Amino acid sequence: MVRMVDIGGKSEVERISVASGRIKLKKSTIDAIREGNIRKGDVLSCAEIAAILAVKRTPDIIPLCHPINIENVSVSFHMDDDAITAEVTVKSTGKTGVEMEALHGVSTALLTIWDMVKGEEKDESGNYPHTFIENIRVERKEKRELSETLQSPSAIPSQSASSHHSQHCIP
Amino acid sequence: MVRMVDIGGKSEVERISVASGRIKLKKSTIDAIREGNIRKGDVLSCAEIAAILAVKRTPDIIPLCHPINIENVSVSFHMDDDAITAEVTVKSTGKTGVEMEALHGVSTALLTIWDMVKGEEKDESGNYPHTFIENIRVERKEKRELSETLQSPSAIPSQSASSHHSQHCIP
Amino acid sequence: MVRMVDIGGKSEVERISVASGRIKLKKSTIDAIREGNIRKGDVLSCAEIAAILAVKRTPDIIPLCHPINIENVSVSFHMDDDAITAEVTVKSTGKTGVEMEALHGVSTALLTIWDMVKGEEKDESGNYPHTFIENIRVERKEKRELSETLQSPSAIPSQSASSHHSQHCIP
Amino acid sequence: MVRMVDIGGKSEVERISVASGRIKLKKSTIDAIREGNIRKGDVLSCAEIAAILAVKRTPDIIPLCHPINIENVSVSFHMDDDAITAEVTVKSTGKTGVEMEALHGVSTALLTIWDMVKGEEKDESGNYPHTFIENIRVERKEKRELSETLQSPSAIPSQSASSHHSQHCIP
Amino acid sequence: MVRMVDIGGKSEVERISVASGRIKLKKSTIDAIREGNIRKGDVLSCAEIAAILAVKRTPDIIPLCHPINIENVSVSFHMDDDAITAEVTVKSTGKTGVEMEALHGVSTALLTIWDMVKGEEKDESGNYPHTFIENIRVERKEKRELSETLQSPSAIPSQSASSHHSQHCIP
Amino acid sequence: MVRMVDIGGKSEVERISVASGRIKLKKSTIDAIREGNIRKGDVLSCAEIAAILAVKRTPDIIPLCHPINIENVSVSFHMDDDAITAEVTVKSTGKTGVEMEALHGVSTALLTIWDMVKGEEKDESGNYPHTFIENIRVERKEKRELSETLQSPSAIPSQSASSHHSQHCIP
């Protein structure tokens, strides 16, 4: 049997998680992506949007994840000669961390890349001898207490909340 | 690539959006709806419930929409001789507006009406020479700051929050 | 036509609902569950996880339910000689109760049990003369006002929020 | 661990399942439904549409259910003095039965009825001393082999497939 | 009450539907899209992918739509000086038409465009005086009987199925 | 822009894909799993069920995947001293391969394991210095033409379809 974590007693804090991961591809596939020559079209646009949608649907997919209010998701890609690295940053103000959301975004981005380049990566037998996903990890997590001023939004312009005084956190 | 709007620094305010749109139908179809003679049954009940469910699922469908706490959805229909107008009002307390939710509700209501009257609108070739959807728009948006009293719910009866002092907003 | 309840004016309080229900099975099926001899595998693990996921998806399934922040779900089972009782507890801090979420969890747990033991419950004609679900009910609801200290999380350790002073509620 | 049933070797046959169940309500609630006086609106329309949508989403909710092609869903209600009975019929042509789909439709219909009459059924403490769901069962299953003529749709008008030679089945 | 269409007796044929619709935008917004200067990023990529995902989820959104096997979806856009037209083509082999899927794709593409250019289209009061969606319609439907050779895939290379002998249909 | 693959002209064949992947964990976490001492409960049961549900929802998550009829999913785990390997097998009869479904199952199983052992893997700063996912790959794909006898299910007992003459495939 399983036990969900009861987050009822936790305070609402701003939380940021960054996760990343990598898909190894053939050099010729990377070249085709760079030259816009992939048959299924724009690989990274499709992977980015799939990742954003997946982040929002994390509690539907990972059984013990809590539904949370996502405030921002950003996705970036780095291309090497034979690999693409995806990095996903998720931001939320709430009672629990967002590392699973970031990891779910990364893994969806990488799976979508794979799906987009199936035609280029398959060998004659329909298999993928060169393709694999590796090194999916949490890069970092941040947590920032909401100051008292943030609790009375009419007193202080809310924009000040986006200043960059985040500290690495004790979760 | 795309950039979600970071709503982390925005204040929680009560937000209302109203959207509307229209589907043009054959006069005989409108008559059949009025007389309860549509083969697939109660057109407007089905459209209304589909719209409410769709409003709640907006961030699953529109990639950069944030998940938000919907507090109320209401749907109304106005029937003309050759058209039905749907109007959807969405209310939320949160950090971002709800116009996309209202628009998604309207468009789902109109598509559901179409689906319900396919048998009446089709010509002999299975096509729809007379049917189309038009004029989907945002009627208005409202925004109301939560007063300080609302922040301490034990001090002031929460029901006072539903008083009607809304103002048109600067979003 | 339908009318969603406008929860905009309600205060955010901690809410707990407990629901339960029962599935009648053949004594031999109960024995097989106890002995781990069900062809489809671990009945109660599968039912528990299905129930947790279903609780989170309640507003997608029950048209007028509001999306809410689930803070905890727990599921337990009690086995009798010819029946299994499922009990689901749901906890949320928000503007509306969680009894529909708890009931949806119970009914999903019981349906999943049924699905898992189809092979054991079917007669030769493929029908289920002995199997039925009964007595799905709300066991109790609790409601606990958030104290003022909870509104300023930096002043008071958030862990104190999980103290056990809940009272039976006037909803 | 669990074991899904491998349906790969099963033949495609037409399958029908009928399930039913009942929700006990206060006599005054039944009267209010009959008179159209429920605050949340049209109880049975909402329950019917929720049930149809739920039937289609069964494999998302019940873990080991296979995705199948639903060909028809129909929902009917019977009102007694202190209860409503829902009956759901599901039809599919495929490799596995549709009893879980029919049961899921019934249970969703009954839960939606409950949600619609919460205001009428609650006592002063917010609890439901009179409300419960009972007797959710599979009424019957039918199975009809597709004749060879149905395999060559161009030879025989497809409409003949809807003739009524169904037999009670050996599943 | 509603009545789903029973498609059990219909034959499996190849079906294609094309739908289109238009969103009116400010000329300056169109210019910004052309120049890649929209704050939220690549408008049309996001709309295209949202449309494809929405086509697949049509039976979750439109209550009486049947789940069907989508074989292809394609989306194209045409930009005018003050509007974008979206066209969606959906292809399926099955027992019912795909016009609702195509319409759902179009309406999702147009809503996503709106969401992407909210910043550019809003006036100072947060409203959208110039933005609206119009002329969502079914452009055409095609239906092609599966020949007998298609029923025995081992006899005839399957690629021949994609030859272009489609005829306009009697649905 | 993107281009979905048109599978309309492909033949319906039985398809099997096997994918696998690995999550590196602390030795102490593996010991805790073996001894049943993980705070969130039964790690592998939860991961297995999440994987099966995810396989079925692949076309909702990976934008250009086609909806397909899943006939079987099986999940297995292998535990090493400092890692767990998940293997997912997916079987379908249809017009396109199921490697993305198998990969989606693997990646969901591994993410769910991570979520279940967050408490055991986190360091004092809330980060995961030891945890990562690696080596997600397609182990093999098989494809088996449906023989003519399978096209006439009444002639040959359908059970014979599950005989084991599968060959490695040319996709």
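For reference, chains read A, B, C, D, E and F in written order, and residue numbers begin at 1 within each chain.
Following the convention adopted for this analysis, a contact is a pair of C-beta atoms (placed from the backbone, for glycine too) under 8 Å apart; a residue touches a chain by one contact, two chains touch by 3 or more.
Since the structure is predicted, the reported quantities are computational estimates derived from the model, not experimental observations.
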item: Any chain in contact with chain A as well as chain F; value: C, E
item: Chain at maximum distance from chain D, centres defined as averaged CA atoms; value: A
item: Same or different residue numbers at the chain E/chain F copy interface, by half rule; value: different
item: Copy-to-copy rotation for chain B and chain F - C-alpha atoms, rounded to a multiple of 5°; value: 180
item: Chain B and chain D, separation of their C-alpha mean positions in angstrom; value: 28
item: Inter-chain centre distance, chain D versus chain F - centres from mean C-alpha coordinates, in Å; value: 30
item: Length of the line joining the C-alpha centres of chain A and chain D, rounded to whole Å; value: 38
item: Where chain D touches two or more other chains at once, by residue number; value: 1-5, 42, 45-46, 49-50, 53, 57, 60, 63-64, 67, 69, 151
item: Listing of all chain pairs that touch each other, if any do; value: A-B, A-C, A-E, A-F, B-C, B-D, B-E, C-D, C-F, D-E, D-F, E-F
item: For the chain E and chain B complex, residues of the former touching the latter; value: 1-5, 21, 39-42, 45-46, 49-50, 53-54, 57, 60-65, 97, 99-100, 103-104, 107-108, 110-112, 114-116, 118, 122, 124-128, 131-138, 140-141, 143, 168-171
item: Complex contacts: residues of chain C adjacent to chain B; value: 1-13, 59-60, 63-64, 66-69, 94-95, 145-148, 151
item: Contact set on chain B toward chain C in their complex; value: 14, 44-45, 48-49, 52-53, 56-57, 67, 69-75, 91, 93, 151-154, 158-162
item: Complex interface listing, chain C residues touching chain F; value: 42, 45-46, 49-50, 53
